[in-house]
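Two complexes come next, and they have one chain in common, chain A, joined by chain B in the first and chain C in the second.
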Partner chain A sequence: MNRKGPLMSPGIARLLVIIALLALWEVGARLYADPLFLCPPSQAVRALPHILTDPKILNAIRITVYEVLTAFVMAVICGMAIGLAVGLNGFTKQSILPVILLLYATPQATILPLFILSFGIGPAAKIAFGFSHGIFPVIVTVVAGVQNLKPSLLTAAKSMGASRWQIFTTIIFPHMIPSFFTGMRLGMTAVLLGVLLAELYVSTAGIGFFTRLFAESFSPPDLFALISVLATIAVVLNEGCRTAERRFSRWHTA
Partner chain B sequence: MKKESKIPQRLIQLGVLLAILLVWWWGTLPGRINPLLLPPPAPVFKNFWLLLTTASIWPDLWVTVHEWIVAFLLASTTGCTLGYVISRSGYAVRVFDPLLAGLYSIPAILLFPLYLLFFGLGSGSKIAIGTTIAFFPIVLNTIAGLAYVDKAYIRAAQSMGANDFQLFWSVMMPAAFPVVLTGLRLGCIIAFLAILGGETISSLAGLGHRIVSLAENMESAQMFGNILFAILMAFIINGTVSYVEARGRRGMQ
Partner chain C sequence: MNRTSTVIKVEGVSQAFGAEGDPRRVVALESATLDIPRGELLSLIGPSGCGKSTLLNIIGGLATPTTGRVTIDGVEVKGPSPQKVAYVFQENTLFPWRTVIDNVKLGMAFQGVSKSEREGRARESLEAVGMQDFANHFPGQLSGGMKQRVQLARALGLQTEIVLMDEPFAALDEQTRMVLGEDLSVLLARTGKTIIFVTHSLVEAVFLADRVAVLTARPGKIKKIINVEEPHPRKSNFMTSAKLGAMRNELYELLHDEIRKTMTLRAEVGGDK
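Let's turn to the complex of A and B:
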């Protein structure tokens, strides 16, 4: 492919594009922007050590990560259980799944005040809101995964006298793995969204407090630095789930 | 077969909905759940009905819809244009597709504090966050649709002497259209959700603002009525957009 022209490899070109964009931003911000609102990327980088050493901010980041992980684990476990319970039974699938889809389609941001009313302004509300965002994609993918089960496999196992438990461990569970990891990936994206939304809405010690503080005190370097730290954490969490998905779904296609 | 199994299914679903309503009504009888957290169904539906029949919600609704339309138009024009430009060369696709997909995995809501700083508390910051969030699925789907058109079609058209415009209009467009439409549908819906989210976090007007200020004033019944309204709106949007997508897909074939 590369022999067609004197083109560099796409990876290097991508890097150059990123550098060019950053340079454009740097120059633009230095020449034209109001320093109260926008800062060049170099200043944001210079603010990074300050962000990463301030114990209060570190603690806020730790709280946010803790909220995301707790909500994620709860969403995956509950979503998995509900998904199996709903998906494995024809009756519940017909009756409850539409209700779940209905709930999934509601704009959850509008009920955020309710979560604050019930759980307070501490981490509990963020965990609950992240959980309610994350559980639906998990349920829906698990149900879809159960649906893809070949009936012939089940019939074969049953006719050879497998018990319910044996069917679950040897047929349903291995078939669940790919959709389980897909659900995990989608759930992670949703949990991140939920927790961050709740954090930004109201927060006493989490990152929402500091983003608001930096924005209201007009210090864009700190804001940019904090946001890039959070973005990095989010990308690491997302990519972790994606890698797990790719790795554990491999047997299925092979 | 299908016709027969449909009716009991609907009955079961209706039963579940009625059961939920019943539990709601039972749980909010005096002395059970605090009516501030969950008001009984009757006043909620009364408020919902008032919203539908009076004009009090129009100003806020208009703010939200206006933000949503502007954000979607911005995202779809930039997304489709950029997607088209990138998809013209396979090399550009290999350079930019992973870059855009990587950016997509950053939760865009993180940018909202920045947008508040840049564009203020008014509509600007909501339009910006809606545009950012809707842009990625649109551009990624446009690239996916246009860049992966079956090469045999393109070669066939070229060997029969199609010029660039003809190639685009009668080969690329129809082949890529369903994928691009999916991106537009996703963008349309998540722009709406993002704008509601932005309005919830901080705003001066709009549907999300209205719900939050009712919550802060502890007007639970009214807040639930407004939430029902927002949910109804999300459903109408979802249904309309899915219908348009299905129609567009059929029209192209």
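Let's turn to the complex of A and C:
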């Protein structure tokens, strides 16, 4: 498109696409869908106030957010530590990293029952499962961030008398930051997925529990309203990561 | 300036890569011997792969010679000596996540300069290279020539007696390097530092140096040392003088055969660097 006046900015075009999709859904749902399975978006919007005032559902949202944040913080801390330990050393990188990649590639949903067996049906299992999803992207991006450092920067630092600790804190660490933030964003998405999967599978609380409940009790307006709340949470978490990323890697985009 | 005392002594330094008897063994440098007096600017010039940079790295303690030794002020070099030697690299080695002034200060932090002193020294050295207005820029926002000026400022900020420069202007266009060369000559005349300057450019070698050491094709040996005998700082009229032209021609004669030799060598090993 070469006509990029004030009337046609990417933001407006994006908005139009979203509106078009919603309209399509609205019309399609009204004309063709079984109201037991699918509702038009207008009904989901109408269900929102009820969803957002129900104390049981609010509590579920709180639980899920708590589980996600706990799993996320643990995944970031452990992922960073493991990523550094593996990435900073050529030997461990060659010996350990393939094992990590193998675990990462394994669909973890298959071992979800084991998590439930080990951690019970409470939040612990959700946190553990979210953690196991989130840690891998963090490890992999930290390893990558540590790896592609220009050797000449290290030579320069050594020529000026930098100690190993100084090299780590002033060169390796800041160099890794942009890639680490990418890992955090991927990790956040993965944690959310892990926690919700675990909640859907077996639970008595949390957003996942209610989405399953609404789906099984044929109330799509409630289901989609809750999903939109969930999507909002995901966007907020993601934007939080991105803001932090921009702040810490100002030089990268400069 | 006391030119009589020797600061850097290079004694029979050789550098070989690969084990003895290995057919792939490469002798980069063969028994180089040099005495560099205090305050001298020495250019090293020679064909690619003749061991110029290797010699520089050995003097700076970034590489260990296979045989021979280097002493600075009578002390044998066994590793980097940040208190005595500063480097300016060909490649941009500024830390991209730090502003210009923070880059200069970081060098001092590595070297062990107290925190209170860094700011003032960093400002001074940025001013010396004409980069004071860019103190808060990130390296990514600077041109290649400006980055090299900052690298120079970082080296100057270390206030070492010796500065080693490994083709610092090689990646720049001719006009930029001309201006930087002139500025460098003025700057160095003021500081009285001992400098070794590796270059590929014949004109640059003569324009900047008190002496030019010509190295042979691999294995690199010092073929001849030419005295330039022209007072510093050198101005642009020296650049166009007959004296510089004559010396450039002399260097060309000395180097021509050596460069041919490396080209043949390269052809034999399949165009490999």
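Note that the second predicted complex is superposed on the first by the 225 of 254 C-alpha atoms of A that agree within 3 Å, B and C clash if a C-alpha of one lies under 4 Å from a C-alpha of the other, contacts with A are read in each partner's own complex, and residues count from 1 in each chain.
Keep this in mind: contacts are C-beta pairs under 8 Å (C-beta built on N, C-alpha and C of every residue); 3 or more make two chains touch, one makes a residue touch a chain.
All values reported here derive from a predicted model rather than from experimental measurement.
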item	value
Chain B versus chain C as contact partner of A:99, first or second or both or neither	first
More chain A residues in contact [chain B versus chain C]	B
Partner chain in contact with A:107 - chain B first, chain C second, else both or neither	first
Which of chain B and chain C A:175 touches, first, second, both or neither	second
Which of chain B and chain C A:227 touches, first, second, both or neither	first
Contacts of A:53 with chain B and chain C, given as first, second, both or neither	neither
Overlapping contact positions on chain A, where the chain C interface meets the chain B interface	none
Residue numbers on chain A that touch chain C, as the complex places them	150, 152-153, 155-163, 166, 170-171, 174-175, 177, 249-252, 254
Residue ranges of chain B touching chain A (in the complex, touch as defined)	8-9, 12-13, 15-17, 20, 36-37, 91, 94-96, 98-99, 102, 105-107, 109-114, 116-118, 192-193, 196-197, 200-201, 207-208, 211-212, 215-216, 223, 226-227, 230-231, 234-235, 238
Of all residues in chain A, those that touch chain B in their complex	7, 10, 13-14, 17-18, 37-38, 91, 94-96, 98-99, 105-107, 109-114, 116-118, 189, 192-193, 196-197, 200-201, 211-212, 214-215, 218, 220, 223-224, 227, 230-231, 234-235, 238-239, 242
Residues on chain C engaged by chain A in the complex (per definition of touch)	60-62, 80, 82-83, 85-87, 89, 91, 93, 95-98, 106-107, 109-112, 138-141, 158
